[in-house]
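Just dropping this structure here.
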Amino acid sequence: MELVVFLITALVSVACAIAMIVSKNAVHSALFLVLNFSAVAILYLLLHAPFLAMIQITVYAGAIMVLFLFVIMLLGAEQGEGNDPIRWQQPVAIVVGLLLLAEGGLVFFRSGNIIPTPGSGTTLPTDPGATGGLAELLFTKYLLPFEMTSILLLVALLGAVVLTIKSREKEGVR
Amino acid sequence: MDVLYTLLTVLVVLPLLGVVVNTFFIRQGRTAGLVASGVMVAAFVVTLVILVQLLGLAPEKRVVDVTLYNWIEAGPLHVPFGFLLDPLSMVMLLLITGVGTLIHIYSIGYMAHDARPVRYFVYLNLFVTSMLILVLANNYLVLFLGWEGVGLCSYLLIGSNFERKVAQDASLKAFVMNRIGDFGLMLAILGIYKHFGTLNFGAIFPRAAEVMGGQHINFIGGPIGLATAICFLMFIGVAGKSAQIPLFVWLPDAMAGPTPASALIHAATMVTSGVYLIARNHAIFALSPATSNFVATIGALTAFVAASAAIGQYDIKKVLAYSTVSQLGFMVAAAGLGAYTAALFHLLTHGIFKALLFLAAGAVIHGAHDVQDMRRMGGLKRAMPRTYWTYVFGALALSGIFPFAGFWSKDDIIGAAFHNYPETGTHPIIGVILIVSAGLTAFYMARQIALVFHGSQRDTSYHPHESEPTMTLPLVILAVGALIGGLINLPSFVPGIGEGLGRFFEPVFVGSDAIPFSPLLAGLTLVLALAMGYLGWQTYAHRTWKAKFRDPISRFIPAFEAFETAFGSDEYVQFFIRGFRATASFLSRIFDPLGIDGLVNGAARLVGLSGVGVGRGQSGYLRNYTLVFLVGAVAVIGYFGFAALR
Amino acid sequence: MNSMQIPALNWAVIGAPLVLIVWATVLMVVDLFVANKRTIAYLGLAGLVAAAAILIPYFGGQAMSGFSDMVVLDDTAIVLQWILLLATAITIFLSIDHLQRLGIERGEYYPLMLFTTSAMLLMAQGNNLIVLFLALEWLSIGLYVLAGFAYPKIRSEEAAMKYLLYGSFAAGFLIYGVALLYGATGTVSLPGIAQALTNSPGLASNPLTLVGAAMILIGFSYKISIVPFHMWTPDVYEGSPTPVAAYMSAATKVAGFAALLRVVQIALPPALVPQVQAALAILAALTMIVGNLAAVAQTNIKRMLAYSSVAHAGFILVGLVAFSPGGTQAFLYYLLSYALTNLGAFAVVVALENEGEEHFALSDLAGLGWRRPVMGAAMAIFMLSLAGVPPLAGFFAKFLVFTAAYRAGYWWLALIGLLTSVVSAFYYLRIIVNMYMRESETAPRTFATPLLRVGLVVSALFVIVQGLLTYPVLQLVPLR
Amino acid sequence: MVPINYYVLLSALLFTTGVIGVLTRRNVMIMFMSVELMLNSANLALVAFAQARNDIEGQILTFFVITVAAAEVAVGLALLVGIFRTKRTINVDDISTMKG
Amino acid sequence: MTSLPILSLILWLPLVGALLMLVPLPARTAKIVALLASLAVFVVSLLLIPGIGLFNSHTAGLQLTETMAWIPSFGINYRLGIDGISLWLVMLTTFLTPLTILSTFESVSTRVRAFEAFMLMLETGMLGVFLAQDLFLFYIFWEFTLVPMYFLIGIWGGQRRIYATVKFFLYTFTGSVFMLLAIIVLGVVYGRSTSGQVNFDLQAVTKAIQANGLGLSQTTLRWLFLAFFAAFAIKVPMWPFHSWLPDAHTEAPTAGSVILAGVMLKLGAYGFLRFNLPLFPEATHFFAPAIGVLAVIGIIYGALVAFPQKDIKKLVAYSSVSHMGFVVLGIFALTPEGVHGAILQMVNHGLSTGALFLIVGFIYERRHTRDIEAFGGLWKVMPVYSFLSLVIILSSLGLPGLNGFVGEATIMFGTMKSAVLGWPFAAFGLTGVILAAVYLLWMFRKVMMGDVNQNTAAMRDVTRTELAILIPLIVLIIGIGLYASPFFRTMDPSIEALVGPGSKLVANR
């Protein structure tokens, strides 16, 4: 059962990913990506990470992708790939990319069991509301990274402001 | 001993003093001449004192070896700056200072109108210094110092009229050809050092047979005797300095120098140092009969070739120059035969009468306002009688006419050729060549006297005059010498003074046989000389020509053209020069810039080009960059991943 | 619900970054009320000084860790942090007049720089992959913005965009590598990884471990411009405001190497060393070769310096390849000399730039040495030092690095390094040629303030003196 | 129970797709999306490993990655907007004035 | 024994002079200050002269050593010392530099302070090479010499100065890096085989390597030999690594050429003696014949290529290739005579070729051309000049009685006696002596002989300054030529230890 769900979701996520990178229209791409993210969120549920699944939907599929769509609309940039000036790039890129995949697959599966301590049974929470474990870790062991992310966001904020507000000033001057 | 030490030092320093004084303090030509002559007179006096001192010693003690100071002391190599006085060097000293003094005095007058007389006297004094060092050296390196020193002075004197192209060419040619000879000599010296571990004559000659006997070195063609190799190399030096085949071409050209210099350097002293070298190294030459024969053969051939060439010359000095080459051939032949006394005897007499001839020729040129072409002369006997008579004396001596000096010395050499030596036997062919050469000598001297002094003056654009006394006095003195020079080594049957020189040399050339006087040979040679002289006289004395004529005998002798060019000897030199120039310019124009430097610059260009190539990969397209990133990532992951699979 | 126990925090461990973060936040606010942006710059400098000063008491003491062992503070970290602070300070010096001339002076610049620097400081002391990852991203985001600071100059924007895309692409590799390593070892703490790998012997040759390690290596390599992950470098350096390029070439590189050093020193079990060593050696060789060759063909000074910084990344990496205390010393020594020299060189480029005018062509340097003796002499010294000519710091650095490589058995790497040094001399000399041996009629103006000149003299002297005082400098980081 | 290898393989597939997307697309927006896909695949792997190891730390890491992705997107989009204003393009190949 | 650090004094005094050039003095004053500084160095170096000074010519080892720890963790010391091999080269340097600086009084008029500063820096660099007794310290000075020379050629040089100076720098730099690698190897391996501590002390390394080869294989030692050889052969320069030399010499300002030919070329030959021979006795024996062949080719090739040159400086430059071939030949003869001759010949070449570049510089100053064809008849208009030139040319072509001969002859004796080289090398080497006469006298003939032309008619004879430069040189040229023993004697113990019986070089035979 679980396997069937996994397979279907996996199929969907891969299909969406491929659709995303081949779709001509950026809006379509964005939507495919949202789908993909959602599929992955389902996988998170299967993997006993309900809180993450939720974040995946709200933050990723929700906030970030909305931002994407917003910018696409703003710039009217859904089309806009003209002639390829470096035509050879695409086939080569695909070949090398597949090489990377093949390499990964070959390495992983020729060496048999890759996880040294297979999980048997789980103590991970299944309830989306049970975020206690996560929270505890975040505020104890991972306090520093947690604080770092906050400053990271601050810097990103500052940067975004710098990069956009200034231009308005300049244009105002003109 | 101490007296001789001082005397020898003083002797060498005297002309050097002249050099220094004239270089730094004298600007006036005549004064310079007086200074130079003054030191020469002093040197001659010192030489006489030395002679007296030497004669005061017992004959077997007449070897004085003094060391002034240590010149080079490099590890095992010890080269003292030292002198060796023995009868051999004594005789050379007498010749150098004696004839040298006369030539210096003569030069005062001769150079009176020259542009740079001071330099001339400086060179002349420097030459005497070097020559003294050469003959006094007690080891090879000091000898080499003098040897190259005289070469340098020769170069400077030949080139002293450096505005003229002839002088430039001749001086360079002289120096380079001498250097080629010096190359051989130096190599011989190196070989000697290698095997003896020393360069001192006194330590080498007594051990020569012991060290070199039976030694061989590997050469390209197989083993050759050590002594033979060294003697052969040494002979290259002799050939260069004493103008033997094949290195004689520089000497005729050297006549571009002032005539008195030619007299001193290119007739009396420097060119004979080759003969001196063989005599000095007789102990080594004795070990190599093969080389001795070779030397004798070359000498004889040179004598003949140069004598023939002398017939074909129109330049008064060139005739004498080829004559000198020819006479040097006689001496070298004698030395090669082992007749060292004869060689040195002829060296001495030749030194006197050839100096005389050159100086007289100089007086002719001087009196004829620098005309040297004999075809423009004729009948000068009237204008310059003293010069004429001294010239005749010199010519008779050179031709070997009894009783002049040349008769005795030349006869000794011819006698030696027919002498049966224990090692090498008799050399009749060499003897015949020498006799023929002696005949030719008489012919070209008669020709020269006839052309220069007899008949009528063919070019009257100048007014010949007799030279001043400072010039004619030395001529007279030398003429006397040319007449009586034979006295020093008359045949042994003459009581008291017979074999004088030979006996004097006894301690040096131990075991060298005295050559018995052969009336038959002497008579034959004399008759031939007289006949040839008469022939020459008849051919040239009674005719009148225009100023530019062709020699009459060119009609009879098809080879006359060969005589004129000395058998094309300059051609082979040109051949080498062309080859040298072609090689040098190929290397410098093509091989060096394109080959060697081309590789260097090519490497640099390669670096530059690959830089451009890398830069072209930086296309500006971000997607290319990420592609390269991915390729790198695949490689790195692959490396690690497959490391895991191993 | 269990009561959550927030552990006692050892703030001192992150003292320096903390000071900077706080100070940067304060400056952001101050900026709103201060019209003269120069003041912000000087205040920023004060913050740097404070951060440097706060480290002094801990230098030479016991290494300490904090925040659940997320970060450590040892002498190596302190030295690296000092280098970083010094580099940042110099960058701010360079920026003050320059931004004004270019008309892009804005108060956010300095807080941004302090924020970025604090990320670098954290990289120097991170003891956990996630800390390193976050610091790297934090630092990157700061740099993207700084690179684009000359907005709306298109080159600046292009630089920022290329950097950003390339950087996030690489970040994907880095975090994926972290994920794999986590999968293999169950931890992202560096000592933890080392322990796990040592405890279960098979793990070191587990493909997850190795591929994860490879991807982490790739992720850091891009930041320090290791070939073939270097291609953003020239374009970004060229387009960024020059002080920012200087900052990237000096500080970022130091930070990236600091992180890499920590990872390989702490996390790597002995069993893996030979393989990583070989991989690093090949990368170092490639970097030296490509960087130097590409620099030869450049005519733009900034691009040339960019490629030169690529090449130097290779040289520095050689010190890491050695995997020995001597190598680490050499590595740190090299970083110091390189950072100073490169900042000096960029300072000269800064002096050549004015709004609307760019004088980055080599020919713009013609005659500079004679018109501006101090600047010229300093630049010549920097170039010779970068080329590795004794007795300047760059030579000692190279010597130490190559010695370490040879001691580790990598003689061929030392040879390649030496030969590519020769190639590098070619383009460094070309700058000197232009400054001293060519004349120019249309010489561009230079904008060297007294401050800049003093800075140049000081750093030039330092480049000379560092070589002569190599031993004391080396002693800053005792052999462990 | 789904074998952990499946998840790893899936994440690798997604990762590669993202990589190829970055390499082949010229629309900067889609390139950003591809990068997001790469980060997302890493998250998937992390979560999968967390499950396999029965260790919640992996999930924490995912949390951080999402944050980073968001921050990057924020800055990237701000930059993109700026570029679009001056150059009127979001084609990455048009942003290639510097090369060599 | 005095405690005065005399070697350090000699070494650093010039640098002090160079720093003085930072003071903005007027050009003339700067020249005088520089001259005084270099003279001071010379005077101090006179304190070394054996017999009257501190140098003891009876011991083979290093003397007046000064040691100071510098980078202890890498076994790097500031270690100076002098022995019979380096003594005269040090003296040559301190002697030539003031003369060269004096020559700039009339020839350099732009950027004077910088010029003099570089000259003095160069002096420190060169002295450092001769004095350093630590491998690392040696390398530092070795490389450092490139820098001032690079500037001297590049700033004050002729038309193609940039090409020439970059080529000079890069070519020699390339050779040096191989040496640096070898130095690293030696230091590390020495450390490994003894205390575990890296050590670059030359004496210690030499001793250890002679004792047991440091445990390195024969092949490795040979490679190391070649690494050192690469650096030195390029510097000498030996054929076929010479192509930087003509360019550098031709384009360099006179003073630069003088120092380049006079001292810098000696650095390479000195390196052979100080490093290749003692460190790698076996490899030295193995390679000596091959190196001998290169040296002989260099002798002949340099002479042949010198001959057709139109540019006088280029001619002299190629003559250096030829002359330095003799030096190398002497060294690799591995006989005491050969090494004696080689060292003296280094000094001789420094004097003669330095002087040659000076005299070429003098007429260049007057006519701003170095084209042989442009001159002629100088013997008439400049008699004193021509006379002095003649002496120098004769010295260069190895006329007995002048210094060149003593060196060349001694080298040749050594070559002939050598067990590794032998007579063919001597014979072919000697042909170089013939050729030297050809090209030098050819040049003399073209420039000094002949009639004056409109270009040369108004040339004035040597000035007092020029005379003051040439006279000391000529005095030494003649002095060494006639009395070489004192020079040789001081080298003797050191050379004996290097190649004499009982040394490793001989024992290996």
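Every chain is named by a letter (A, B, C, D and E) in the order it is written, and numbering of its residues begins at 1.
The definition used in the following text is that a contact is a pair of C-beta atoms (placed from the backbone, for glycine too) under 8 Å apart; a residue touches a chain by one contact, two chains touch by 3 or more.
Just so it is clear, the structure is predicted and the values come from calculations on it, not from any experiment.
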Number of hops, subunit B to subunit D, where each hop joins two touching chains: 1
Can you list every chain in contact with both subunit A and subunit D? B, C
Taking each chain's centre as the mean of its C-alpha atoms, give the chain farthest from subunit E. A
Please flag the chain sitting at the greatest distance from subunit C, going by CA centroids. B
State which chain is most central when centres are taken as means of Cα atoms. E
Nearest whole angstrom, what separates the Cα centre of subunit C from the Cα centre of subunit D? 26
Averaging C-alpha coordinates per chain, one finds the centres of subunit B and subunit E separated by a number of Å equal to 37
Note: subunit B sits from subunit A at a C-alpha centroid distance in Å of 101
Could you give the separation in Å between the centres of subunit D and subunit E, each centre being the mean of its C-alpha atoms? 65
Can you list the subunit C residues in contact with two or more other chains? 130, 134, 137, 141, 144-145, 148, 151-152, 160-162, 165, 169, 173, 183, 186, 206-207, 211, 234-235, 297-298, 426
Two-or-more-chain contact residues of subunit B, please, as numbers and ranges. 604, 615, 618-624, 626-627, 630-631, 633, 637, 641, 644-645
Two or more partner chains touched - positions in subunit D: 8, 18-19, 22-24, 26, 32, 43, 48-49, 52-53, 57, 64, 68, 71-72, 75, 79-80, 82, 85, 92-93, 95-100
Could you please write down every pair of chains that are in touch? A-B, A-C, A-D, B-C, B-D, B-E, C-D, C-E
Would you pull the subunit B residues touching subunit D in the complex into a rising list? 615-616, 618-623, 626-627, 630
In their shared complex, subunit E is touched by residues of subunit B numbered 69-77, 81, 141, 144-145, 147-149, 152, 155, 159, 162-163, 165, 167-168, 171-172, 175-176, 179-180, 182-183, 186-187, 190-191, 193-194, 217, 580-581, 583-585, 587-589, 592, 596-597, 600, 604
Quick check on the complex: what are the subunit E residues that touch subunit B? 167, 170-171, 240, 242-244, 301, 304-309, 318, 335-337, 339-341, 344, 377, 379-380, 394, 399-401, 405-406, 409-410, 412-413, 415-417, 423, 426-427, 430-431, 433-434, 437-438, 441-442, 445, 448-451, 482-485, 488-489, 491-492, 495-496, 500
Counting only contacts in the complex, subunit E reaches subunit C at residues 69-74, 111, 136, 139-141, 143-144, 146-147, 150-151, 154-155, 161-162, 165-166, 169-170, 173-174, 177-178, 180-181, 184-185, 187-188, 198
Subunit D contacts subunit C in the complex at 8, 11, 15, 18-19, 22, 28, 31-32, 35, 38-39, 41-43, 45-46, 48-49, 52-53, 55, 57-58, 61, 64-65, 68, 71-72, 75-76, 79-80, 82-83, 85-87, 92, 95-100
